[in-house]
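Paired with chain B in one complex and with chain C in the other, chain A is shared by the two complexes that follow.
Let's turn to the complex of A and B:
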């Protein structure tokens, strides 16, 4: 065979091999339909213990982030157990690996509910994993506590969202940028649901607030070529960049950014997917002085947070950092405990009712949080942070009080085009 | 005007990265006809070599210079092991080679994950390369100028070796007619091993260069493998000259279309152009004349 003939024979095969390595298809409705069994709960509350599921990616690309969430969940459980447990019962965690694949998340969630009979499940990270698990939790009528900031526009009665929704992260970030006098914004993001939705919100916000979006660019997940995008940003006369890039693309983006002489002074970047944990991988040299938006930083100055950080470091090593999703996961276990005790039962309907009547609160490391019974999100305190030399993040602005969650942006008159109202 | 120069530079720079990633492949795939899916992982190994050397030496500048030859040896050694242990036994079975080397690439990725961890690691840039330099009044990234220069040196060195050295002559003889070369007393087995060593070593060097612009993670190689094959195929298999033209062309097309559209659309347009081009000229930009390989 000549090399040419060989090539034409194998090129499609190469394509298949490369593509199957990085994609998966998943049909949540088919999954839900396949599981049309009675939502009869098999949770055993007779003994001295109660089982909960911990479902995080302990392998695959998301493992780096989700392993730390798993750790803070375990820490919260051990603390609660040492303090007498929930309704007098010790919590017994059952750990499953979501393996960074939405389909596996759905399958393991089903296993946790039906086979292990857990009273509640904590975990998930990517929106794809949450969307895959949602029909499972609804069909089986069980509870999921999801700890990561996300794009909003969702409120399942079976999911408690303890990370920020858009009005607790993106909108405060825009308010702050506007206050700083930034009027022309350049948007750059990875091409998937969170950046697309976030940028729709930013466009609607800009239109209503006399700001201008001077560029909107997406790159495929994992892309490392940013020469043109950075050139476009420079040529656009933007006065700030809003960055929704995910993962490794941030490294290439910030390197290119600094390499053409841009920095936090000349053209500041606001990032919403870079927390303490991601900073070392991106390189603090590339990020120093840039801005991020979250609801929690390791440096938050409160006794509750000092205790949280100290305990975490004592448990997992002094070089560990704490970040927003870890804190939201830790908080979610305490909120579940609070709701169960208020309900006096592990029963799903009883817990949901306890949430509806409100009053479930917790003095979290980020400050006081409370569950909103309307949409199962929690009120949180938005904070704008600035990355400092040692990779930790200083708060440069924080909301005066916790902000009530509004996942559908119903209270924002300019958001009609987003929530369809 | 300024934007034109910076885009022109961005295109050439992207082309030089593509060329550096592809030049080793143009040897192993182009000259030897081996479809080595693990080529991307040799690039990744080069990147982690740069990281390791930096951890040992400390200084970002010296470690960058030192890691270029070390990465060449690391990539070359990996390639040599692969050639001796597996590929040697299946030179006449290209499809098997494809699957085997794909398996090897997965093994190498997992190995990197086990040794260095799944999160990407940070290879610091030397002070000198972290900022911009000014060319014709336009700031361009110093790191990319460095890569451009490195690529020119590597390609010039490789053409010298292929055209002037006895290894080059033997390689070309084996490519043009394996049987006749063997009949003339050339050990095609040794030549294959050496060629594979050099081709894989160049992948290692590409890895060092890539640490300057992107992140260093276990899956780094997968980003570049398809583009590298594209350059080799569009350029004309077995032709370094063709690979140079193809890489520069692809780089320039990508950045100029991207400026007018978006990154994803530009990629689509470029791929369509390459497919159309190969329909008209299946042998690539520069045609190879051989007596049939393998």
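Let's turn to the complex of A and C:
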């Protein structure tokens, strides 16, 4: 009896393996050609509404940050709907939870495209979530709008990057530090791709600009043990710290930093992952006077930003703050609308075409932004900020005009070791 | 021991996470999914028809992909059913073996794509400043070597670790903690080697499997059929194992390890073999997970996913034949469905169900009918599970 049981299960396996003669072999060139002509999308543009996907982590470790992005996306959609929609159609958001896990992001993205038939998707935060979704959007030929600053070195035709790439955040920060006379830099970061890439850029930059990296330390994501690192920073002859820590680690880092008597006067820290919404969690006491680099702060003085901040507070509460990723997400919905209307269609190829030719623009809260058709990033205005005692951030320096995105750092002669060129 | 007694005081000094509870006898008769040969054939037949015929004909491409992922997770569950349900070893770190299988497969697939695209090293390595393929990667370039590595590496690791642990008579909560620490360490190791593993981003963006185009819908259906057939094969193998001399010995070791030793058997050997089989199943699940889902990252193999594998097994009924696999698929399915409706709450439902089952129905949902039947006849054999 028992051999039969085995046979009954093994037979189908063999049958299946024999069947394996039917599918197509993989050919990269044919694949690339097929993607140009076969948008077999199920997007329904016949009715009065058009669906878009909102894919943010509403649970898990990233929920605190990504929930605020989800809110500003919803706000932008409601504003556009109140104003007549896109191509006369009301936007209908479909919300999915990325659960702070790359695999879930990929699966939900697939669901939004294939089951809900959304015209575009907005979301993602960590680089891991973006890298996980990229193949899904490319294979299904759909569009993702990604709103967070990141490590660059990527330009998928199916992704619009509305956060800063490295030449709009890290390089301006280094330029500014050099101008301030900081020559010896201590690097501290979480152990994942963004800090590692950022620090490779900083090392290459330092070498080309007569600066010195006097220490480079990594901790696992979420680590809270910094006494060794803080002591190393103190013992080194660094005159500034460049901080690429992410999330909760910042709380422990700054607390221990202050505990040994270091502060913004004795050894300033430049952070690239601390925005307005993270400040209260870390504690303003620990952060006052320290520097950050972004492209937007709540304090940006412009009518567009005042309206954005007021509307957000009216909608979600007066104690809410606005931050760079939220602003980039808000902006991304308007840029999508602009490109769709320029194309006169929700079709992916048509929108890409509009991006290539039209140079879509939007008067965003951060100032004017425009889409670069070649790499699908946007031009943005880098700003160095200083944390105030009330937790908001003042701009201490800003670029005179928007900086064109250069995700592969092709225009920087010293960056050859980074882009592999 | 009375059948109706919900629990009995522990007579063992071994710390037990779930306390000492009665569990239905696993040898003959008791438990709804512990079946004889006829029932087993029927179960496998129904499963085969559902998975190999009904599912591909009725589900959309997306639905088939989802079900494929559930089946890969269920393979891990089958192995956990063996070590935990039958062997009493609470393996809380199966993510290690799942991850080993997955990463070996992912490395091979990344290399194969790189070669087809006319490059010498994967893009992420070039961006990390590497210009030569690391030797560790070169090994899995050939598909046959890659498949052999998926089978041999995890079982080898499990064999060495298992023997080291069990021959020192580490058991109960100590084994559980040790296995979980392994999963934590493994995830940290993967994240800390961005040049070799692409760190926390993981490996993704695969286009082909052994030369077959992964975006082709026929190929995807065939891939699903392979996954389903592998799972059915695993179930047939476990069913035979459970009825074999080895299966009896494993249960004996679980319930009375010392007595087995006095009878002249080496419990460490029995446990190590069971642990190796579970590792193999997990590794195969991981290796198939990669082409089905299209990504593997440290978030899929660490402590949390390792524990998540246990939930389905516990809910389905860890000591039964089909309980782990059905429980695992049900939990995965419920996860996807509930997460769409209650994005931020569904985890609580899962946790609550886990607590309820561990607290009130230690045999899992599979024991419900057996539990009811026993109340009527009170004639069933009971065994004490002490760990």
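Details
Just so it is clear, the second predicted complex is superposed on the first by the 381 of 421 C-alpha atoms of A that agree within 3 Å, B and C clash if a C-alpha of one lies under 4 Å from a C-alpha of the other, contacts with A are read in each partner's own complex, and residues count from 1 in each chain.
We adopt the following convention: contacts are C-beta pairs under 8 Å (C-beta built on N, C-alpha and C of every residue); 3 or more make two chains touch, one makes a residue touch a chain.
Because the structure is predicted, anything quoted here is derived from the model rather than measured.
With both structures placed on the common chain, the touch criterion links A:101 to chain C but leaves chain B unconnected. By the touch criterion stated above, A:217 is placed in contact with chain B alone, chain C being left untouched. In the superposition on chain A, contact is made by A:225 with chain B only, not with chain C. Of the two partner chains, neither chain B nor chain C is touched by A:177. In the overlay built on the shared chain, the residue A:193 is in contact with chain C alone; chain B does not reach it. When the shared chain is aligned, no partner comes close enough to touch A:91: not chain B, not chain C. Taking chain B and chain C in turn and counting the residues of chain A each one touches, the greater count comes from C. In the superposed model, A:50 lies in contact with neither chain B nor chain C.
Of the two partner chains placed by superposition, A:348 touches none, neither chain B nor chain C.
Judged by the touch definition given at the top, the superposed model places A:58 against chain C, while chain B stays out of reach. The residues of chain A shared by its contacts with chain B and with chain C are 1-2, 4, 6, 9-10, 13, 17, 22, 63, 191, 220. Residue ranges of chain A in contact with chain C, taken from their complex: 1-2, 4-6, 8-10, 12-13, 16-17, 19-20, 22-28, 31, 58-59, 63, 95-97, 99-104, 106-107, 110-111, 114-115, 126-128, 131-132, 134-136, 138-139, 153, 191-193, 196-197, 200, 220-221, 417-420.
Against chain A, the residues of chain C that register as touching in their complex are 37, 40-41, 44-45, 48, 52, 60-62, 65-66, 69, 113, 116-118, 126-129, 188, 191-192, 194, 198-202, 204-208, 211-216, 218-219, 222, 225-226, 228-230, 232-233, 235-237, 239-240, 243, 293-295, 297, 299-300, 336, 339-340, 343-344, 346-347.
Contact residues of chain A toward chain B in the complex are 1-4, 6-7, 9-11, 13-15, 17-18, 21-22, 61, 63-64, 191, 217-220, 222-225, 227-229, 231-232, 234-235, 248, 250-252, 255-256, 258-261, 280-283, 285.
If you check the complex, the residues on chain B that touch chain A are 3, 6-7, 10, 13-14, 29-30, 33, 35, 37, 94-95, 98, 102, 117-122, 124-125, 130-132, 139-144, 212-215, 217, 219, 222-223, 225-226, 229, 233, 237-238, 254-255, 258-259, 262-264, 266-267, 282-283, 288, 290, 292-294.
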